[in-house]
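Handing you this structure, nothing more for now.
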Amino acid sequence: MVPFIQLFGLYVIFHGHYSPGGGFQGGVLLATSIIVHRLCMGYKESYAKFPPQRAYMIGAIGMFLFVLTALTPVFFGGAFLDFSFLPIPRLEPAELRYYGILIAEIWIGIAVFGSLLVIFDKLTERRGG
Amino acid sequence: MTDITIHYSYIIIIILLAIGLYGMLGKRNLIKKCIGLTIFQTAIFLFFIEGGLKDGGTVPVIDPSLGVEAINYINPLPHVMILTAIVVSTATTGVAMALLLKIYRKYNSLEEDVIMERMKE
Amino acid sequence: MIEHLPALIPVSLILFAFLAGFLRLVNPRLSRYSAILGALTAFVFSIVVTIDVLKNGSISYHFGNWPPPYGIEFVLDTLTCFMVLVITGIGSTLLMFPTKPGFMIDEQQQSPLYTLVLLLLTGLCGMVLSGDLFNVYVFMEISSLTTFALVSLGGPKAAVASFRYLIMASIGACCYLLGLGFIFFTVGSVNMADVLQLLPAVYDSPSIIGGALLMITGLGLKMALFPFHTWLPDAHSYAPPIVAALLAAVQIETSAYIAIRLLLNVFTPALMSDLLPITQIIGWLGAAGIIFGSVMAIAQTNFKRMLAYSTVAQVGFVTLGLGLANPLGMVGGILHILAHALMKSCLFLVAGSISHHSGITNIQDFQGLGRRMPWTMAAFTVAALSMIGIPPTAGFFSKWYLLLGSLDNNNWVFLVVILASTLLNAIYFFRLIEKIYSPGDAQVEAGTQSKDLPKNMLVPIIILAVAILLMGAVSVWLVNNLLMPVVGGL
Amino acid sequence: MVTTSYMPLAAILISLVAIIFIIALSKKPNLREAVTILAAIGKLAIILSMLPAVLDSRYPALNLIDLAPGIQFALKVDEAGMIFALLASALWLVTSFYSIGYMRKLDEKRQTRFYASFALCLSSTIGIAFSANLFTFYIFFEVLTIATYPLVTHEGTEEALKAGRKYLAYLLTGGVVLLAAIVYTYQITGTLDFQAGGILSTDTLPFQIAILFSLFVVGFGFKSAIMPLHSWLPSAMVAPTPVSALLHAVAVVKAGVFGMIRAVGFILGPETINSLGLSGILSIAAGITIIVASLLAFHQDNLKLRLAYSTIGHLSYIILGVSLLSQAGWTGGVMHMFNHGVMKITLFLCAGAIFVAHRYTNISQLNGIGRKMPITMAAFTIASLGLAGIPPIAGFVSKFLIVQGTMDNEQFVYAAVILLSGLLNAGYFFPIVYRAFFKKPASGGGVKEAPYLMLIPIVVTGALSLLLGIFPNAIFNLYDLASSVAQLVMGGL
């Protein structure tokens, strides 16, 4: 059941612009897929498949890359989130914006996925601490 | 009183706000305070969504049949704002939960007055 | 590259926040330096932007090139530059204060302190820069979330205080959002400049007044204005010193700045005062806050709680300036933000170093500290004098403008309140100075030769103390170029 | 006519620089003392160098930076400022010699802090003398209050701390009231610069002038110890003698009176005050203070307390002279500021010498002290005669002028007050002199004077008060300065 949720999550991320959804919702769906996996499979096996440490990494990298992609147009003269100045040559501005936002959405999705998972793991930690 | 029915949604929002506020301030248990907070926030989101409604408008995604005039689409802007507000409220609840965890580990109780005495020593 | 600077200030902070986060896993020392570097780059950026704004007027920076009413917009006029300079400047000085983990915060493993601090600075810069009301809300939430986490670093007691702070601040933020909703649905746009034009046409409708009131109360909660200040003393006294300094100096003031920005740009005072005397109410609340805060501060025995209560009083000053709603009063209020930021951060750092150095937090046993920690106590005296408002220091100048402002309004009560607060501050600060420099018991005399703080703890404190002294001369330049053009229009 | 020169700034900075050296050399006492003396000589030299310029009214002035829109941190040396500066710097030189002897003899602890705050007080006093507008005046005024605090609480005993607390409470409230006055003047007139004859334009409403006048009088009243606001002065006597000598006879208290002169003469202006008859109130207050203070001085057994009350009395002399709004009254008042400073400091120095040599503090113990300390008691007698207004000594000159001032305006009541107080002064000083010379000393032993370092200053001040009595225009040609101040201010009337 888990892979299906993940697939649906990815679909939501990719078709965010003109259908309801987008980076944030997609990320939440992905996170829920892992959480569902955690709940039903128990911790030992689920941690093996998807250790919390990796979730933390994914969250951080996702956010970092999002900021970087948003920054790239700045180096090429555009405004902060203005993807029409992306370096890909042959596409005109409108399409460029489309792809730019798509890339940004992906990174947001991953970032949200990672961070929500971290929240869940932190709350359910076993050891005292 | 006639137009009370039109504004029924406002009344619900006000009730929710009252519940949320009471939950946050009235209740002793910290978890109940968090629940009160979330109710309060959702009430506000409802207000925003309700504000953007137009009777007869469809989902704000352009489909060729309906053409482009704004009249038959509901106003998308509040929805977008609420999207961010939801992100914020989840983050706040996340932080609140982490705090509660820490308090619970130290004072192993979530009743505010119990914690207060334990804090005294 | 220059015209992108407004966006780069918060973004550079975010980048360095992540950098500090990664480096923390590698080696703690590196993460501290990267944090300081981050804050300093932001500071340099803000200086460049200020020069740019001074030369050719205010910049408005559209995100993603969408024109204002739709896209998010950063508006930078001279007042914003003043605030950004204050935030990044104070932030970088405070970051220099070394908090070796486990040294002031009882966190066993590495505490993500630096990432959180940088994120807080991002939130604050965003709040100040953004010209869009909803954007202010988003950045406000970012900064308050990081504040909850930072306050809770100070151990279990701080966690309880931070939770109470969370509840109050979230109510505040939601009120702000609700008020925003009211305004948005009547006016149709959220951008500040837009709302300014659209408002007069429709300003007598109840929803506008309701919206404005809600937004002001929301901000009041955030900046611990008099009736809503209950969370402040616990939050500030349990938090670790560098956090308390940062909170008191910058976080509180930014929400006060947003209230000023609202009054100035969105609901012009003329509209406010005749419909619903919001400015008068705020002014009176501020005055009450001053008296209440100072009196409570006198009653405290714990040093940090005393400082927390005096913060409540100082916020009262800023709101008083706001309540006067005339150019001089406003300038006084804003100048007080800078003065208070300098003074309070220096005092909190001194408090932190005392509690670390000799474990004293209670005022009674401040005996003869002057002998043991001469330099720290010298800085403390400078900051204390400036809090009281003795001329050469910064505190005096903001009081000077506030006094002039209140006289322009022939508001004698405010005048008396400000003067009375000078005396009240004098009482609870001289009580300390007297103890510090009096020899008292012989043990202090003979026992300890003056081993002062390690170098890297002293540097930020001294910088702040010197800044307090210098601010007097600089204040005129600040007022004429940065504040007057914006505030003058009232 | 104003000439820009950096002299006034140099006069202020010289002692600030000295502070740094004093702190640096805290381990080596002799070097540290040398620095204080050098700074004192330097300051006196700078001020004297400006004297000729001021005499033919070429005032050296200097605008440093502007502190607020329309207000600069400006210095200007005029006659009144010159008199006060001369007084403060000359007596600082004398007292620094004296305090070296005093401190060494009683081996007080924390001497570095003592000298550093002493130098800071002096630089702020000179600052007060030379400030060109009320804003700069207020800055130095507050710095003076803060700088004198460590001196008052030098002993560190509980009693000293209580005195310090009282001292601060009074003077800070005074400062706050003064700030209200300054802000109000700025709001009414838009400028704070001192101009002889006052800056209040004629169209200011009478009630505004009344409020302003009362704020100024109360604000300065604290510092110049007018009757109801005086009680911090006697309690501050707990400080070591050099402190009470210089500060409470010269610097702090005179700053208050100097402020009063500035306010009455240069801000409110004689015409406006006279038009509302306010000067009457001020002179009544001064008259009452003179009488009551002299009466209180009668039954003070402690020598320093008696001197403190006599200081309160004599300060009101100056205020009375100023409030008479007549040419002679002003000259007398301003001159009395100088003469009283010189005479009172001699008395304080003698009191300190007696304390150092024999540990006597109360008058009852002074039987036959004249035989033991002939030189000190001789100077004491000269100074007390002067204070009582006996001809050959300085006090007489200024008292005579003030009486003449009262005659000009036909206020005979005040003439009677001054003459009566002359008698009262005699009343509480002569018993001491009589007891010193004509009573048999309780314990035997030959002549036992205070150390030389303390004796020379006493002799110098005694001689100075005598000299000024005979030719008032002697070294500092005091008379010309005072009369030109009076001429300037009272020009209109």
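In this document, chain identifiers A, B, C and D correspond to the written order of the chains, with residue numbering beginning at 1 in each.
We adopt the following convention: a residue touches a chain if its C-beta (ideal position, glycine included) is under 8 Å from a C-beta of that chain, and two chains touch if they have at least 3 such contacts.
Just so we're clear, the structure is a prediction, and the values are computed from it rather than from any experiment.
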By label, the chains that touch chain A as well as chain C are B
What is the identifier of the chain with the smallest separation between its Cα mean and the overall Cα mean? C
Name whichever of B-C and A-B has more C-beta pairs touching across its two chains. B-C
Rounded Å distance, chain B centre to chain D centre (Cα mean): 70
Measure off the straight-line distance from the CA centroid of chain A to the CA centroid of chain B, and report it in whole Å. 24
Taking each chain's centre as its mean C-alpha position, how far apart are chain B and chain C in Å? 29
So, in whole Å, the Cα centroid of chain C is separated from that of chain D by 44
Going through chain A residue by residue, note those that touch at least 2 other chains and give them in order. none
What parts of chain B, by residue number, touch at least two of the other chains? 98, 105
Return all touching chain pairs. A-B, A-C, B-C, C-D
Please name which positions on chain A make contact with chain B in the complex. 18-20, 24, 116, 119, 122-123, 128-129
Give every residue of chain B touching chain C within the complex, in rising order. 21, 24, 30, 33, 37, 40-41, 44, 47-48, 51, 77-78, 81, 84-85, 88, 91-92, 95-96, 98-100, 102-103, 105-107, 115, 119
Per the touch rule above, chain C residues touching chain D in the complex are 385, 388, 390-392, 397, 400-401, 403-404, 407-408, 415, 419, 422-423, 426, 430, 434, 437-440, 472-473, 475-476, 479-480, 484
Complex contacts: residues of chain C adjacent to chain B: 134, 137-138, 141, 145, 148-149, 152, 156-157, 159-160, 162-163, 166-167, 170-171, 173-174, 177-178, 181, 184-185, 190
Which bits of chain A are touching chain C when the two form their complex? 60, 63-64, 67, 70-71, 74, 78-84
